């Protein structure tokens, strides 16, 4: 997934980075095709070049040697709301067929079965980032037809479409999973399978979503990660395999 | 006037300082009875201890050796609007009987006889500072019954009283002139003569305002500046007599 | 305060004098400079019914909740950064005890906006947020205004003005002029928003040090009520230039907090069982201290001359 | 820009490419770091019908107005700081020429709020101001909203989003990561509010210098379009650590600007008559340069290690 996520980044993009896999993907992209990627963490570190894999988004390694440190008021008002962020990475406990994301509660809000951490910056990232890339394993539990709570808006839903709500960003334009990539259909914003990894069975994959997952007519088979990409991930960027297992790469 | 203005300051006051006489008064107060005065300039210098008489409110001497530098957004939002400023100094081309101040235009706004600099921070200082001290020479021209334009609100006027407008600060509680001190009457906020310098004739002084100037029953004669105060002003604080003539002291 | 030039006091006195039962309390610091030392003293002094506000409750509020100090939590992301859950908090919410914990939930931007309004003494703050989210449906404090120019509907949050804000920082003088470098979080806004401010620092420095680099001063002494010198006061979070984040402890907290008994024992050992921060650090041990101590990496100076 | 890592260009090219007739232009800097070099190049390139926005028009806009570049002025305090009047501006307003100068007037707080809204891409900014003042009566852009919590009426100003903002600073790298110390003014907000940003610096430094002290960076390269290296570019204003304010010239301007002919001659000599900033400084003379050069007063560094 890290490799696929890295491929979604363009050189020069200003990326709002989370910890874990997104961070890894950004560093892989910087080490390969996107040397001019600018990483911004909601903690206020701008242009960070961490010399170790940060465990938290406020890791001191993100500050030392960075280009700038911003107050969080500036990060959210001037950078994010100001429209300066091209890419935002999001994950979530639940993602519905329209890319609405739940990171708040499983079950009813007032009597939750599981209390999740909540939005953090996710809600505003989903609204303001020009493009949102979602990274999550494709399972029926993670991809139900409808989420228990909408923390971060997707492409369509009970509150309307992004256009009707006049949201500044394009929302989740790509969902990177462990089996393949989902993309919203242009006409209704429903996520459909547009690409799979080599050796993955599309018929099997269709069963992994909580709704009848459409397969794009032009379904493509993704090339396997290059040996160089795998070497970077396993030996350089995540030597202790904190975030990547074999499959994840 | 500098000496009288200095006497209006209490030790520990946080003062929003302008250039010229107010600055001189603050430095005199710091050198005498108010060593813990904290000087804040709208330019963002906090706790400045200028080693030369600053010519502009952004003089580098205000920054070097200061306690803090704030953005102007912080100065106006967090310090002034935030209610952290005890004293603001204001001057003006015209001050009316209720302490409304004009520093915008002489004549009509659209076809001014004289175009003055305008508000700067004066309007918000008049609204938010806990106490405002006005410093101006007492002449009919400077103290008309009504001003041509209200730049900064006083105690009463066409828009109502400070209470009816719910203004956070007390407004111009003291007007220091070259002849004596004016203070607003508690019942209607009209400025009246409450103190004069030694040798000043109250009857003559009454003629210096553009309205029938009331004299407070308990009119006091102010003590002359001490020799120490004069020495500080003339030899130490304003050696080149940029801001003080003999009389002004 | 009595003496504007010396607000120095012990953590015990600062908490005793400035934090009362039922207060709205902010202990800020986004991953960086989280004042655990103050939280532990609040636990030792058994404050109750506090409304705790923080973007990320983090371990610091999980501990206050476990110790029974909290009545309500105002937050925007309640996880163990990089690890997982805050189990004391989850227990309080998922298996509603006799006295359940009240929650008021925002996004980061929303809570940043609340302290910004508080600092500016405005009753609300406008932000472009929450369209298409369920958050406003569960939080009636998220409202809106119509722009008087474009007539757009813009979301609003109300001002947050805590009774007391506790800020950890690298250094301050005895008047409370406080300098911070590295991540700022919302420390400045939280301090200006509060009725009372406690600054806790790694080092007390002479006013001359502050005046030698005024652009580093984030919080002016004029808004500070107490200055506490508490080296390592932010552990297990970190202080840039002083010590690293104790990521191992954040991982250990997963198991400690998951088990109520283990958590109670931890509080007995490391909070109730020690008199102060010095005692806590002694208990933590020299080895960990040595491992976490920051290596020197000094920045060059700049010229303030004219 | 073509190359994200090298935005370096001459002042001539920067103005030619990024400032057009009719633009809304902000050259900020509150007494400190006012980019006269950019203004002079705008005059030389004979830009017309500009809407000039600044808290304090200062000499820099008095010169642009005298040279006929301005259609409109948005401001909050139009005087010669510490001296008196801006006579070109006063003539344009008091003795309305064939094409009079349009004025839009705020207080400092109001204009600070306008650029803050612009930087945050909000359509308005709320502030507690203007009650009891005639300013709203002469400026229909000063309006109000009702607080959705307290129902207070709070004043508002509209966002200011200039076509181009020109910021002077002490130093930047070639990507435009810009560091400022001493007075900040509204440089950060003005830059974030603009569609195009030109940064003019005393010194181009290696990215390593910027990264050695990231807390000093006020403006990130990602919002910068052009970086111009122009030593003494802020004279007669000043650059902390580089040169002092030329107070004598501010005083001299009183007489120069009072007399239209003298002002025209000054423009001929010091703006039209020189090719660039180097020419201006040469004309200004070595003696003045020497007198204004800043003395060294270095701040100590801080530790960024962990």
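Per-chain residue numbering starts at 1, and chain names A, B, C and D are given in the order in which the chains are listed.
Methods note: a contact is a pair of C-beta atoms (placed from the backbone, for glycine too) under 8 Å apart; a residue touches a chain by one contact, two chains touch by 3 or more.
Note that the structure is predicted; figures quoted are calculated from it, not measured.
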| item | value |
| --- | --- |
| Required minimum of steps from chain C to chain D, each step between chains that touch | 1 |
| Pair joined by the larger number of C-beta contacts - B-C, A-C | A-C |
| Separation of mean Cα positions, chain D and chain A [Å, integer] | 40 |
| Centre-to-centre distance between chain D and chain B (centres being mean Cα positions), rounded to whole Å | 29 |
| Where chain A touches two or more other chains, by residue | 45, 60, 63-64, 69-70, 77, 81 |
| Shared interface positions of chain C, touching two or more other chains | 121-122, 127-128, 181-182, 188-189, 212, 215, 238, 240, 244-245, 297, 304-306 |
| Interchain contacts (touch definition) - all pairs | A-C, A-D, B-C, B-D, C-D |
| Footprint of chain A on chain C - complex, ascending | 30-32, 55-56, 75-79, 81-82, 85, 89-90, 93-94, 96, 105-109, 112-113, 116, 127-135, 138, 181-186, 188-189, 238, 240, 244-245, 247, 250, 297 |
| Contact footprint of chain C on chain B as seen in their complex | 12, 14, 36, 38, 45-47, 49, 60-61, 63-70, 74, 77-78, 81-84 |
| Residues of chain B touching chain D in the complex | 19-20, 42-45, 54-60, 63-64, 69-73, 76-77, 80-81, 100, 104, 109, 111-124, 126-128, 149-154, 157, 159-160, 162, 165-168 |
| Touch list for chain D against partner chain A, complex | 4-5, 119-122, 177, 188-189, 192, 207, 210-212, 214-215, 217, 220-223, 304-306 |
| Residues of chain D defined as touching chain C within the complex | 121-128, 141, 143-150, 152, 154, 156, 158-159, 170, 181-182, 209, 212-213, 215-216, 238, 240-245, 294-306 |
